[in-house]
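Take a look at the structures listed below.
Shared between the two complexes below is subunit A, which pairs with subunit B and subunit C, respectively.
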Partner chain A sequence: MTATPLQADAGRPIRPPRSRLLPLGLVVSAAITWWAASDDFGVGFSLGEIIDNLTRGHRVLREVLSPNWAFFPQTVDPLLETFKMAIIASVIGCGVALPLSFLASKVTTPNSVTYLVDRGVLNVIRALPDLLYALVLVTAIGIGPLAGIIALILFNLAVTAKLLSETIDGVDTGPSEAAWAGGASRTQMIRSSVFPQILPNYIAYVLYVFELNVRASAVIGLVGAGGIGFVLQVQMGFFAYENVAVIVAELFVAVFLIELVSIRLRRRLV
Partner chain B sequence: MIEFDKASVTYPGGVQALVDLDLIIEAGQLVVIVGLSGAGKSTLIRAINGLVPLSGGTVRVDGRDVGRASGRELRAIRSRVGMIFQTFNLVKRTSVLNNVLMGRLHATPTWRSMIGWYRRRDIELAMQALERVGIVEKAYVRAANLSGGQQQRVGIARALAQDPKIILADEPVASLDPPTSHVVMRDLQRINHELGMTTVVNLHFLDLAKVYGERIIGMRGGRLVYDGTAHDANEQVFRDIYGRSLTADDVLDSPAA
Partner chain C sequence: MARSPSKVVDGQTRPAPPSRFQSKALALLVVALIVWSVVTIDVDLERLIDLPARLGDSIRRMFLPPDWGYTGRAVEGMIESIQIAWIGTLIGAALSLPLGFLGAKNVSAGPVSSIIRQILNGIRAIPELVLAVVIFIPILGLGPFAGTMAIGIHSIGTLGKLTAEVVEGVDPGPVEAARASGASQVQTLRWGVLPQVLPDIVAFWLYRFEINIRAAAILGIVGAGGVGAILQNTLTFRRWELAGTTVIVIIIATIAIDYVSAAVRRRIIEGGAHRQRADVIEQPELAVT
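Up next is the complex of A and B:
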């Protein structure tokens, strides 16, 4: 095939100049990463240090690799407590998150005041990590699962409302228009046209949050907020890594099982 | 009866979609509005049920001023005006019956709609609406599993379930193939004749407009440029409405077919 450039070029637009933003962005992010890791300005990150110190942890590693299964019965009740805490916190946190999510999306919120106030409150709640909530609550109401549950509720509320309000932003607004045109109130519009669209996502988020809670219980238990994490803290205090290994294995299995169940549930729902 | 009195709509950004429109649509009429896209057809229809607020003038539905109506009054006006959309606007994940029941929300207390527990009387009305458009057997099927023509009939049933006095249809056949378009237009015509509902339909196909419109209103640049019978709307009239000579794209059924 012979090219006939003169004819082919007629009427074709000239290629617009390429944006220099992407290469610039890549260079800037590389520079920032180098700055953060460098010895002089940053935290002095080097892989060599990890390898140099690897042998130092060999006692810990050896004990972790030979778990003391006799310790298992002592972990059953705390593990169940963790599950109970996660269930309560997921139900309450995600339940409260649902109406707050509708207020936090432009698609469903009644006016800009409710939108901004609700967004502001959610941002404040989300700004603090769950560990900090647990620490404060343990100080305020004492050691035990109640502090942990409240910390998890706040965390669940913030995470679910964030994910869900963004899902609501993306729904098809055609059915909402139909509901308005039919004389529905805002609550009825949301219930009949928006809620059915977000339901599968909502259930997926609840399951995900539940999984996060089981995992988080290991961390918030460290500050005395109940559950398996509390046992973990005690055993680590005794340097009983063969017992710690049992707890880690249990958490691994628990998270894996929850993931299996939620995949099945989600597949049915979509 | 629908009365436009010097009605204007200017969108943010300055686009004038309606300019000083005066128009009266008598109860029971079947009116077809024609015009190019951007002529203001959709805005005209949405001004009737207040989905688009006027920036000047008034629209009255059965004597009630749509622009002045408060939240509750506006919902009361809307409950008497059913609407059908180009893209059907169904909740695709839920059943046909649930979609049609959206037409009964205006008569359902909030607590009942929250738990999805509609009154038996309202479910009966929804079923009757589905029977009228001939797809009652699909009541418990997911809306997403229906063809385009069937989905639009669910849309019509949803409007009918409101038990309205007026039906608004915004390009109801623009997403459908020619044979299905005629089925849907005949449904609308039948509803107008049998139930006496005032029907306002936006169309951009001239042949459909001439076949189904008793009265044709031509829009151009937000202004009314023709108002008369389908019989009097000849090619010259349509050329005035469209501001250009007509092409094969302006009709649904090409002459060759």
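Up next is the complex of A and C:
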């Protein structure tokens, strides 16, 4: 055979140049990791400490694994309160998010000033986690579900507006061009050509946010913002881990059921 | 079942519109739930009327003006939160990678992948705060290490699920090519699967890092390190101007990290100039949290 190596190579595409950013990125990541894990500057990560102390948690863990089911009746009302808080906060938060999302998408915003201002405000709201809102609000307006509801509203508003404005960015522009060509005003254009396209996604986000709220209720209650989390906080204060286990199990089941229902609903919608 | 009534329009028979009964019943149920919640929720009307004034008052005390002298202390706390989030994300990433591959139906055996998926779902359902309080603070004591572990373990749930989903979605071509040329199972994964999924997976890690920054900011409330403890202290003592400074530091740091991380994610997914891809996963948020 006389096939030359040259011929074998001829059909191959040229190798792309190696990225110079990749080694740099790896080195930077390694440096951050060393700094953040170190005992002197960072969190003091050590595998040995975990292994040495693994048995220290056994008392708590044993109590958690033997839940006191007699505690269950006392948790029903707080759990219902959690649901009510989640429902109210989802309705208000997602309701307010709808107009804000239209302002925060290039497809539907009337001018760049409202666009930038709206995006800025949403970014700031999104930067704080729900529990910090709850902490500030409980101090400002007192312990109870009201502080929790407002914290959840702010959180829902931020999440829904972000997801929805991105959905609006991605709509098919054909219908809206047709609406413009037919002489529609901006509101009419949104109503007739954008809104029907995003409605299934919007409802899916509302369900998703509701699910997140039930999850979040466990943590926002810790600072006194009502719901099942408040009971959790009290029981943890007493070190009554067998009761804590009941609450965690309930939340587990509640979240699982909501997920099941919302997956079925979403599948029908989207 | 009786045949649905048909209308004759323009000489053609049109099918009757589908029944709206189900959606109407559903809508009614939703409205009833909302009304029930609003009517029975335990909120005083008086407090609701008071609300704007009290909120306005708190905001004024926090931000007009904040105490800039406290910035150093707040930044220290925020840096600790960032460290917790970084190491926590790395722990989650390292542990979720093998679990994600084992949870993918096209890579591992059927029963194994279902069991792994259920475990991942279970981990996902327990909030990091609960993990910190129930497991890691008893083991490791109060402090940032407990918070780091809580975030790391919780992250496994979502990262593992996303990894498994990406692996299940690979193009089978390269995998078949590797098999056809005699690659072992491990070699197939290394050369057929990993190059396809790695950019997406690293992007998920970065996205999780952004989420974990927020989680690490609240862990201090249960004593697991980070800026949360500082905010809680200032609020307990009603030092509103100090709380204001802390809130501003948290907001600026979070937005800055979001921005950098989003830019890196975009670079990883889209590649350099020579490699363009259309399916950029910008916001896996719906699947993540």
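Everything below uses one rule, namely that the second predicted complex is superposed on the first by the 225 of 270 C-alpha atoms of A that agree within 3 Å, B and C clash if a C-alpha of one lies under 4 Å from a C-alpha of the other, contacts with A are read in each partner's own complex, and residues count from 1 in each chain.
In this text, a residue touches a chain if its C-beta (ideal position, glycine included) is under 8 Å from a C-beta of that chain, and two chains touch if they have at least 3 such contacts.
Predicted, not measured: the structure shown is a model, and the values here were computed from it.
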item: First (subunit B), second (subunit C), both or neither touched by A:Ser193; value: first
item: Which of subunit B and subunit C A:Gly237 touches, first, second, both or neither; value: neither
item: Partner chain in contact with A:Gly48 - subunit B first, subunit C second, else both or neither; value: neither
item: Which of subunit B and subunit C A:Gly11 touches, first, second, both or neither; value: neither
item: Partner chain in contact with A:Pro73 - subunit B first, subunit C second, else both or neither; value: neither
item: First (subunit B), second (subunit C), both or neither touched by A:Val159; value: second
item: Partner chain(s) touched by A:Leu21 [first = subunit B, second = subunit C, both, neither]; value: second
item: Comparison of subunit B and subunit C by subunit A residues contacted; value: C
item: First (subunit B), second (subunit C), both or neither touched by A:Met85; value: second
item: On subunit A, positions contacted by subunit B and by subunit C; value: none
item: Subunit A - residues contacting subunit C, complex; value: 16-17, 19, 21, 25, 32-33, 35-37, 41-46, 49-50, 53-54, 56-57, 59-61, 64, 81, 83-85, 87-88, 91, 123-124, 127-129, 131-132, 135-137, 139-142, 144-146, 149, 159, 162-163, 166, 204-205, 208, 212, 215, 218-219, 222-223, 226, 232, 236, 241, 244, 248, 251-252, 255-256
item: Complex contact set, residues of subunit B against subunit A; value: 49, 51, 75-79, 81-83, 85, 87-94, 98, 101-103, 105-106, 108, 110, 113-114, 116, 155, 158-159, 162, 168
item: Contact footprint of subunit A on subunit C as seen in their complex; value: 33-34, 36-38, 40-44, 47-48, 50-51, 54-55, 57-58, 62, 80, 82-84, 86-87, 90, 125-127, 129-130, 133-136, 138-140, 143-145, 147-149, 214-215, 217-218, 221-222, 225, 228, 231-232, 235, 238, 243, 247, 250-251, 254-255, 258, 264, 267, 272, 274-275, 282-283, 285-286, 289
item: Subunit B partner contacts - residues on subunit A that touch it in the complex; value: 172, 174-175, 177-185, 187-189, 191-193, 196-197, 199-200
